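Next, two complexes with chain A in common: one pairs it with chain B, the other with chain C.
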Partner chain A sequence: MSADLTKTHNRAGFLRWHTIRRIATQQSRDSLFGWGIYIAATVSVGIAALLIFNSVRFVGESDLNVISQPFLFPLQFALTLAMLFVAVEATLSIARPREQGSLQVLFFAPIDEPILIGGNFITGLLVYVFFVVLTLPVLLLLVWATNFVLPTVLLWAVIPTIFAVAVALAFGLFVSAAAPSARAAVLILVAGILILLGLQSAYTALLNIPPTSRFFDALLFIRSILASLQSILSWLSPIRMLDIILTSSLNNDWAQLLKQIGISLVATAVWLFAAVRMLHRKGVLP
Partner chain B sequence: MLRTENLSKSYDSKIAVHDLNLNLAPGEIYGFLGPNGAGKTTTIRLLLGLLKPTEGRVFLFDEPITDDIIALKRRIGVVAEEPPPANRMTAWELVRFFADLNHVKQPEARMEKLFNALDLWDARHALASAYSRGMRQKLSLIRALIHTPDLLILDEPVSGLDPFGIRQVRAVIDEHREEGGAVLISSHILSEVERSANRIGILHQGRLLVEDSINGIRSRIGDTNVLHIELLEIPESLPAQLQAIAEVKKIETRENRITLHLESGRDARPDIFQAVVATGGILVTMEMEEISLEEAFVTVTNQNVQQLAGAE
Partner chain C sequence: MSLRTLFKQRSKWSLTIILFILAMPPLVFAQEAIDRQRSFVYGINAGIPDAVIGTFAPPTVDTIYLMSTETSIVSPRITSIYYWPITNDYRASWGILNEVVEGELEIISGLQTVETIEQVTYTIHFFQGRGSSSKPTLFIGEEAEVANAQFEADQIAYRDAVWAYEDARQAWLDAAREAQKKGVDPNLFPEGPIEPPAPTTFSTGLNSGFPIKLDPGNYRIRTRAADGSIVPKSERDLVVFSPRRTAVGYEVIPEQRWTFPEQSNDLEGAILGRENSSVYLKPFVSREYPAVSYARLQDPQDVSTGQVGEWTWVAGEPIDNAVLEQVNNGQVLGQIPLQPYTVKQSPGGRLGYEILEYNSNTPFETPRVDFVAYRLPLESNNRNFSVQLRTDDETLLLGSNRAVRVAGNNSPFILALISLLPLLAGGCILWWRQQQTYRLKSSADSV
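Moving on to the complex of A and B:
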């Protein structure tokens, strides 16, 4: 009896996984056949090239003739853009078809909320991998053209960034499930990104104020608040997570890397669970 | 196969569906009628678990739909008013996708049969989003039937179809019924429902007003039936003979035709035939004028409006 029950559960689990995989395959195919990913990849590579060109000029014009990690920032930028691209796609993945009325048609088939969220989540991860595969060869070409050194560890560091992307995707799916319309979903995501980027930029700017500045003491309190927020951001902001994962990989700080991966996994699980609950609550009807 | 128990759905103070009890048996085609806003689509959404009822329960194949909706959905096919697909799938790919979601192994033979039956074979590799409304409607039916469901739920299945398309859809639905499947068909095209359905339910303002066979509904509504008989020549004594039959309420004579207003209930036609023969008349035609479903529908819904107005 118990063996039969286990067999039934295994079969049901297999069918669910099969459906998730089928949805992910179809959605990824739709993404790859669209223009969006290629435009975003071109923009990403273009700006990365510009940043590298800037570094080349800086080295040429300064007497230093040396620059630390010239590819870190361009790579980080390209990966962040890839992450934002898949996050936006995830944000639209439920809100838009629900608004159009096609989500209910999908739900005529034997699928439920966890299957749909799972399918869209895997789609996002696959599209991110494809985005990286598209952009990385161009960066390598720039390495060859500029004769800068690209440490192998920096290339390896790309792999764990998928954990930060997973958080962005899960958050995007939550917003998509919760938002009343596709437009509202994108606006919420953009507002969230701006707030997170604003906090991060403000902290970086304050750190750059020298102790000799007359504003230094006056801004000390704000700086301490933003410093506390930075530790919270390592739990909340996928952009910050990506930053930590890349730098800790580059510095061979394995403890920090593992800690951040753990944090990302927890955050992903929380947002995915919230997305499933929210979709269940909001439903699939326009 | 499909059963609801006191199913109700309300939004704030508006009642969309009230105390609905439906029962659908295998091999049955149930026509679900109602004017716009009667609650038909809400009911279908409740049946599919897309909406949660305020009260009452839905049972599919004797299981409450809350138990394992995924397993239950594998046995249902649904056609609803659907927007054009937003993806880049061809019609063939779209049906294949849904076949995969339903875990249909090697669906190609069935796909070919359905595409041919609905005359979409030549257009199977065109983008589904480029299909006309009628073609999309047929494609939805293929999608709904690809996994050979036990129960087919159709919301306005023939809207947007030309007469050929309607015939093709009707044939496919009939075949599904012949294979033992049940069909719940919601439509405002009453003639279509009249042709297909074994049983009719008329929904108005969220309430199921009548549920019966088409003949049952006719006899409930009209207390008289009208019979036209045509003779070579009307014998002089025939009108009096006919008037003597208990069910005959009124007779109208015009040239060689007689119109009889009969009380509903017992079939008086054998007595009428005997009276014609006994008076030496030669019967050419005998035709019972039946109340159309449209008339029945209008009468039932009007009666309900008047009752509701009276209650206020």
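Moving on to the complex of A and C:
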């Protein structure tokens, strides 16, 4: 009796996984055969090329450029753009079909909320992997052409960035499930990104502003606040997570890397759960 | 009796009161400017790899930062402290009050006392010069007394030698004057006395404190007096930290602006140079510390650093017992020795420098040593290599490897073309997809 029950359970699990895979395959094919991903990849490689060009050109002007973390910024920029691209796609993945009414039709099939969220989540991961596969050889070509330095460890560091992307995807799906329309979903995502990026950039900018004097610092309070927010951002902001993962990999700081991966997994699980609950609450009707 | 009469009768007292009133404001102001307080503080001699940093922690400092790799001394004292608004910190008047607080130091981790330290005698000897040989030495307990006795004996011996030298010099001058009067040839004068060399060691003298060397971590410390009570204001947090990474850093000196060197500390860092130029490398031991901890070890009252989670590389002892190797794909291309160099400024209106290898046989051409470094040529036929340091005993110095590149193509046109490749790939995929769709459609139509 219990063996039969386990068998049925396994069969149901297999069917659910099969449906998730079908959704993921179909959605990622749609992305692959659209211009969006190629335009985003071209922009990210273009900006990376600009950053590399800037470093190489500086040598021409000053004879010397001592770079502490070579290729980190170009790669970080390219991966951030990839992450934002898949996050935007995830944000539209539920809100848009719901707005168009096609989500209701989809739910006539044996699909429930976890399957839909899971399918779209895996789609995002696959699209990110494709984005990386598309851009990395071009970045290597840029490195070869400019005789720039690419630390091998940075290539390996690309692998754990998928955990930061997973958080961005899960958050995007939550926003998509919660927003009343596709436009509202994108607006919420953009606002969220701007706030998180603003906090991170403000902190980085403040680090580069020296204190008012050796003994007094007019910006001390703001510095302290932003410094405290950085630890919160490591839980909330996928962009900050990406930064920590790449930097700790480059510095061979494995403890920090593992800690950040753990944080990312927890954050992903929380956002995915919230997305499922939100979709269940909001329903499939516009 | 009128006021005038009273004033005349009590003129002595009146004058005293007037003088007192006139003197009042400055007295009051003086009290406001320096409001001294008798307070418990910890005097700190924080050991770092190549120095000892002397600071103190007034009651406003709730956390003391020390390094795990070196022994530090924490001394409980009662002293007179005052707030100095110009530098926004508290200062100690050790000259006015410096009272040793007897007792033992309890170090607590979590809820458990992990160590109880007795106060011991210590002394620190500082040496002139830079390098591993000039690292200050900390002597504790009996060793401190022996070292201090030796130091004092050396001082007395030097003083005696100076007196003897002064006497001998005076006698020599008298003899010289006498000989001059007699018309003796100056070449026949005996050699004058030689001045004794000044001592190169300086000492803090004998003091007492708690020697601390702990594993990295967060602790709490407090001083327990002889009667078993906790000394008020003696409870503080203690953060013991260690370097995250130790490596070899390089001071990179470009040929044309040798007065503005740059530093390469990061292990994954790279040196990018122009074709057919040279750079000069000066290696040193470099350690990476938590930025906040290191800043507050240097100055416990520093509050300006809010960079929690940031790390900072700190340059340490110079390395002068190694050769620089140029390496490509695991093969050593060549070895470069450490050499002294002389810098010559280009004469006339032409600005710039010429760096020449120092040669003592050409004093006119190379009159002095300006710096000692490894000269690294960046040539067009060797654009891609790394450098590493090998010591005299053939040991490869870990963390000394750096990538060196001669900057390549920087044509914006080529870089822009490369950047368009993803779009080209997309175009190809979409074209292929379109062809597939047409084929399927036409085959479906034919059916």
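Simple rule for what comes next: the second predicted complex is superposed on the first by the 278 of 286 C-alpha atoms of A that agree within 3 Å, B and C clash if a C-alpha of one lies under 4 Å from a C-alpha of the other, contacts with A are read in each partner's own complex, and residues count from 1 in each chain.
We take it that a residue touches a chain if its C-beta (ideal position, glycine included) is under 8 Å from a C-beta of that chain, and two chains touch if they have at least 3 such contacts.
No experiment lies behind these values; they were computed from the predicted model shown.
K.L.:
Following the superposition defined at the top, how do chain B and chain C come out on chain A, clash or fit?
P.N.:
On the superposed model, which is not a single observed complex, chain B and chain C fit side by side.
K.L.:
For A:207, is the partner it touches chain B (first), chain C (second), both, or none of the two (neither)?
P.N.:
Touch partner of A:207: chain C, not chain B.
K.L.:
Mind telling me which of the two, chain B or chain C, contacts the most residues of chain A?
P.N.:
Ranking chain B and chain C by residues of chain A touched puts C first.
K.L.:
Considering only the touch criterion stated at the top, classify A:111 as touching first (chain B), second (chain C), both, or neither.
P.N.:
It touches chain B, and chain C stays clear.
K.L.:
For A:33 in the superposed arrangement: first (chain B), second (chain C), both or neither?
P.N.:
In the superposition, A:33 touches chain B and chain C alike.
K.L.:
Should A:55 be classified as contacting the first partner (chain B), the second (chain C), both, or neither?
P.N.:
Touch status of A:55: second partner only.
K.L.:
Between chain B (first) and chain C (second), which does A:100 come into contact with in this model arrangement: first, second, both, or neither?
P.N.:
A:100 contacts chain B only, not chain C.
K.L.:
Between chain B and chain C, once the two complexes are placed on the common chain, what is the minimum CA to CA distance in Å?
P.N.:
5
K.L.:
Show which residues of chain A both chain B and chain C reach, each in its own complex.
P.N.:
Shared contact residues on chain A (touching chain B in one complex, chain C in the other): 33.
K.L.:
With touch defined as at the start, can you tell me which chain A residues reach chain C in the complex?
P.N.:
32-33, 35, 37-39, 41-42, 45-46, 49-50, 52-53, 55-57, 59-60, 62-70, 134-135, 138, 141-142, 145-149, 151, 153-154, 207, 211, 214-217, 220, 223-224, 226-228, 230-231, 250-253
K.L.:
Show which residues of chain B lie in contact with chain A when the two form their complex.
P.N.:
Touching chain A from chain B are residues 45, 48, 50-51, 69-71, 73-74, 76-78, 80, 82-83, 85-89, 97-98, 100-103, 144.
K.L.:
Enumerate the contact residues on chain A facing chain B in the complex.
P.N.:
Touching chain B from chain A are residues 12, 15-16, 18-19, 22-23, 26, 30, 33-34, 96-97, 100-102, 104-105, 107-112, 115, 283-285.
K.L.:
Considering the complex alone, what residue numbers of chain C touch chain A?
P.N.:
Residue list for chain C touching chain A: 86-89, 244-245, 252, 254-257, 262-274, 277, 279, 303-304, 306-310, 383-384, 403, 405-410, 412, 414-416, 418-423, 425-427, 429-430, 433.
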